[in-house]
Amino acid sequence: MTIVFDGVAAGMLLFLISIGLSVTLGLMNFVNLAHGAFAMLGGYVCVLLLGQAGWPFLLAVPTAAAAAALAGVVLERTLYRRLYAASHLDQVLFSIGIVFMSISAAHYFFGARQQPIMLPDFLLGQFVLPGIDVGIYRLFLIVIGLGLAYGLHWMVRRTRFGAQLRAAVDNPRAARGLGIDVDRVFTLAFALGSGLAGLGGALGVEMLGLDPGFPVKYMVYFLIVVAVGGSGNIHGSLIASLMLGLFDVCGKYYLPQVGAFIIYAVMVVMLIFKPQGLFGRSAAK
Amino acid sequence: MTAVLETRGLVKQFGGFIATSDVSLSVAAGARHALIGPNGAGKTTLINLLTGFLEPNAGAVILKGEDVTHLAQHQRVKRGLVRTFQINRLFADMTVLESVTLSVCERLGYGWNWWRPLAAHGAAVDEAAELLGTLRLLDVAHEKTRNLAYGRQRMIEIALALAAKPQVLLLDEPAAGVPTGESRELFDTIARLPREVTILLIEHDMELVFRFAERITVLVGGALLTEDVPEVIAKDKRVKEVYLGEALHD
Amino acid sequence: MKLRNGIGIAATLFTFACGALAADPVKIGLILPMTGPFAAYGKQIDHGVRLYLAKHGDTFGGRKIELVVKDDAPGTAGDVSKRLAQELVVKDKVDILAGFGLTPSAFAVAPVATEAKKPMVVMNAATSAVTTKSNYIVRVSMTLPQITAPVATWAAKNGIKKVFTVVADYGPGHDAEGQFKKTFVAGGGEIVGEVRVPVKNADFAPYLQKVKDTRPDAVFVFLPAGELGVSFVKGFRERGLEQAGIKLIATGDLTEEESVDAHGDAAVGVINSFHYAEAHASPENKAFTEAYAKAYPSDRPNFMAVAGYDGMHLIAEVLAKTGGSVDADKFVDTAKGMKWMSPRGPISIDPATRDIVQTVYVRKVQRVGGKLQNVEFDHIDEFKDPGKQ
Amino acid sequence: MTPAALDLSPLRRAAAWHPAEFAFWLLPPAAYFLFPDYLALLSQIAITALFVLSLDLILGYAGIVSLGQAAFFGLGAYAAGMLGKYGWGDPLLGLAAAAGVAGLIGFVTSFLVLRGADLTRLMVTLGVSMMLFEAANKMTDITGGVDGLQGIEMKPIFGAFSFDLYGKTAYWYTVIVLFLLFLLARRLVNSPFGLSLRGIKQNVLRMPAIGAPVHGRLVTIYTLAAAYAGIAGALLTQTTQFASVDVLAFNRSAEILLILVLGGSGSLYGALIGTVFFMVAHHFLSDINPQYWQFWLGATLVLIVLFARDGIMGLGRAAVARLGRKAP
């Protein structure tokens, strides 16, 4: 049982760090490999606020997300928007360029070492229920992940902004004709994506560590989640993350010899049978 | 006259939506046959089923007496069934001559030749050049396709199909988006094609259809409504209703 | 007139040549990962080398030292290291090759040292077999078996009967696993479970749970320094393995000074064996750590910095003894058997293997004056690489 | 037959050797004499160029995006390494074996990879190469793991030219192999087969409608490109006498993608020039500023995507076109 719980938690962590990419890649159709750079920014902001400024954790995390969102707005306004119409390959290369720059910058400002993070006491440890040990931080991640998934789903499907965003992505010209401020919608959506990245980064430091290599180290995981989940799909990403997390954790527990194989094998098999992802829209560019 | 292309009870469903329902069609050798119907009647779906872009849920496609229902697209092309597209599908960064030579090469089976340069395949290049001559595209032979005006691109769309030496040519709204003057020239070109080439035409412009076709099939809601010579179709009340209905909707 | 001029020029050139010969600097080519995932290795070794030169001057045996640093990032690509070594020899005309953050880099460069007859001073690469790859290799760092065996011995002697091993799934991990098993079983212990974890591993939960379910006396870990170690140790605490009566023992790279802060208090109590601690009590180390803190205030010295420092010391001593000769055979002969007091304690170069012989300490992580430190409480003196026996 | 009005010379010119090409291929021999100290770097440039060429064949000509080309590079490297380790150190035999092994695996995996659209292909190629990497990393006993395969011995080429410290033999060897394989690729891209690949890249939906078997063509070129990558890997092993799991690493796949785009994909010379530019810039930037050179690499990439979409070759062509307009 504990293993299932851990698998769900691992999946939720995957979901948290990759959901921002689901927004930019999925909803906006922009292959933003620099997703990890925004996550890293969130991580560093969080660590600095906690360590140097002594902020409480629950305040530092949202601030980190806000900082990443702000950086997202600035970059979107200046650079990213020029590439909305470009091919996926161009977007890949552009964002890899951003990744390289962010790695060097992080190295310059923070050094090559792992950053320490101290969680508040109430998130440490675990409590024991019959048949299941529940790690408190893991439970915290699961709660936040579910909350986010629900909130985003609601936002995309039910709010005016969500409707505008979908319209703007499907057909920017028609959306403009309907009086939607497409530029503003895209900027906001990009800010949302990078803010979520920052949030994931901040929450992930405890389990994933944080050093300048972060954007590259976990890039593959972000992409796997989005590719398997099918782009543009909140609950697709959620289910893909949970499946990958469960497969990975259970595989490692019961078949430790197979190790890192599982996650790639699951991805390849899924993509072979469902090339558009689990819940993909077939109208990809 | 024998049928060169036939369908038997073709059915195609997308999810719960029936796009083609039990269509049995027969196109005679050498025919100038038109397929008409209001928007959403399933004309393009039918073409896609004929060419193998889609696989039917039931029924068969028979080309020159052979069941080709499960053959891939390129294998049907090899057997003489060639199409054009409603929306141009061209090779934007090739020159016009290269595009057409490519099509000729595929027909002649040069497509796997990887050693001798293209220019050394004289027969293919000559044939392509000749075709360009017939279609009055010689002056732009060395232009990149993307740099041409729409009307001429439309002509290349047809050139690519003709280069494959079709026995049955499926034309999916060849004049779509072309200005009237140019569309007349385009249809003249089509009309000049030899009788060995059987033509099945999808077209919206009724004037063109009635000028060109010798036989007309009407498709509505994925099913056959009627089929006859133009004079009869022109007087058919059901056909009028269908088009009237569409006009009202528009 | 012309002739006289010519002679004059020739004479000037000659004196220049002789003068140049006397003051000709000794060029050391440092091949280190300066970027990429192992950038911290390069930085520490580079610091150590430069600190030595800053402290002891840069002229030994009458010749000035000149450093040429080459980045062989990622450090695991032997082809890059080898090419850089070739270039250093052919183009930069270096006299000594040094550095080598990771084993593949040392392995790939070894044939260059042999062919070009250049001494090669290994300042980190820790696979046992490194020194066998060329007769011109001298190692001043450590070997993996050397720092693994002592904690196994200690465990066997201190009431730990059953151990579960967790190692990173790559060459060094496999070596550490083998050595621990060998020493621990020989000491009467039993391995009750072993697992190799992927080098890119985000979550240790399944492994830790497996360890917990197996209920050994201790878990032995070998992981490359960095986020893996941090993640493991934190998970170890979170999952309450300590409360379940399981001890955490490791090689010292788990809690080396550069990464121990990232663990936070989770690391307190980890028992490990290693050859250097910042907290090592000796006048040499005090001088070293103080100088380091002054020169590089934002970093803490670790075993790599010390290896860089000692490597430079070895080169300096050899040059002083040979009067500035960099002949590879002479260099290696002089280095063999050399003994000195390093910041880490007494060390020497084994004349038979050209590998390092040193004291390996058993330590426990504690907070000392607000800083997490590895506090030594046991040691094995003059310990040779058991991997070569 | 040809209508008199049509001048076919532009078509012929496309495949004929341009004087600039002759000049370009004079550079490698010239570099041998001009930069004798840099032969090791120059050989690695030649090897990387061949590797980039293999990606250019599938991405630049056939439009298959891949983040897993290192799989074949690594297979080739290991094939040559294994032969060298067990006594069959003849370099040419090694090349043949590498091409065979990489080509075979390329053929088999092509059926997985060629499904789906760009993003799917990207991820499947990546997945396949990562699995191969993990497998090699696990089998330390066979592959030597990260520490590298031990005991690779290379015999002299043709029994006469052994690999030396200065890298002279290695240089000529890699450059000649690169040149021969370049010639082959050059014939291929100018042939009807090459034209059909361009057709697939430019409009994959049209190709079946003119009777082209798209899948067969893609399988063929993917297999061939895998063999090219395998040969590049073998060259690396042979000239450095070293192979570790790093030859399969993801960053090699990513790096050649960068180089190709930098140089200009869909042009063989783009692949070559991009490699030269990248490797030389890398070399000097990392010498000047070993810790932060990546920043400048990143900045260059961003600028290229924003302002020079067709890479160096594109810039070159634009410059020539501008000169051409001014001159007459």
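Should a chain be cited, it is by its letter among A, B, C and D, assigned in written order, with residues numbered from 1 in that chain.
Note that contacts are C-beta pairs under 8 Å (C-beta built on N, C-alpha and C of every residue); 3 or more make two chains touch, one makes a residue touch a chain.
Please read these numbers as outputs of a predicted model, since none were measured by experiment.
Undergrad: Let me spell it out: compute each chain's centre from its C-alpha atoms, then which one is farthest from subunit A's centre?
TA: Most remote chain from subunit A, centroid-wise, comes out as B.
Undergrad: Of the chains present, which has its C-alpha mean closest to the combined C-alpha mean?
TA: Located nearest the centre of all protein C-alpha atoms is chain D.
Undergrad: Taking the mean of the CA coordinates per chain, how far is subunit C from subunit D in Å?
TA: 36
Undergrad: Counting in whole Å, what is the centre-to-centre distance of subunit B and subunit D, each centre being its mean C-alpha position?
TA: Taking the mean C-alpha position of each chain, the two centres sit 41 Å apart.
Undergrad: Suppose each chain is reduced to the average of its Cα coordinates; what separation in Å results between subunit A and subunit B?
TA: 47
Undergrad: At least two other chains touched by the same residue of subunit B: list those residues.
TA: In subunit B, no residue touches at least two other chains, as defined above.
Undergrad: Two or more other chains touching the same residue: where does that happen in subunit C?
TA: Subunit C, residues with two or more chain partners: 35, 39, 43, 169, 196, 198-199.
Undergrad: Can you list the residues of subunit D that touch 2 or more other chains?
TA: 134, 138, 251, 291-294
Undergrad: Treating touching as the only link between chains, describe the layout with one word: line, ring, star, complete or other.
TA: other
Undergrad: Go through the chains and record each pair that touches.
TA: Every pair of chains in contact is listed here: A-C, A-D, B-D, C-D.
Undergrad: Which residues, counting only subunit B, touch subunit D once they are in their complex?
TA: 51-53, 72-74, 77-78, 82-83, 85, 89-95, 97-99, 101-103, 105-107, 110-119, 121, 124-127, 129-130, 132-133, 138, 141-142, 160-161, 163-164
Undergrad: Please give the residue numbers of subunit C that touch subunit A in the complex, ascending.
TA: 35-37, 39-40, 43, 169, 195-203, 205-207, 209-210, 226-228, 230-231, 234-235, 237-240, 258-259, 261-264, 298-299
Undergrad: Tell me, which parts of subunit D touch subunit C in their complex?
TA: 36-41, 43-44, 134, 137-138, 140, 144-148, 150, 165-167, 236, 240-247, 249, 251, 286-287, 290-294
Undergrad: Along subunit A, where are the residues that touch subunit D in the complex?
TA: Touch residues, subunit A against subunit D: 31, 79, 82-83, 86, 88-90, 92-94, 96-105, 107-108, 216, 220, 223-224, 227, 231, 259-261, 264-265, 267-268, 271-272, 275-277, 284.
Undergrad: Taking the complex as given, what residues does subunit A use to touch subunit C?
TA: 2-3, 6-7, 9-10, 13-14, 107, 111-118, 124-126, 133, 135, 137-138, 206-213, 217-218, 221, 248-253, 256-257, 259-260
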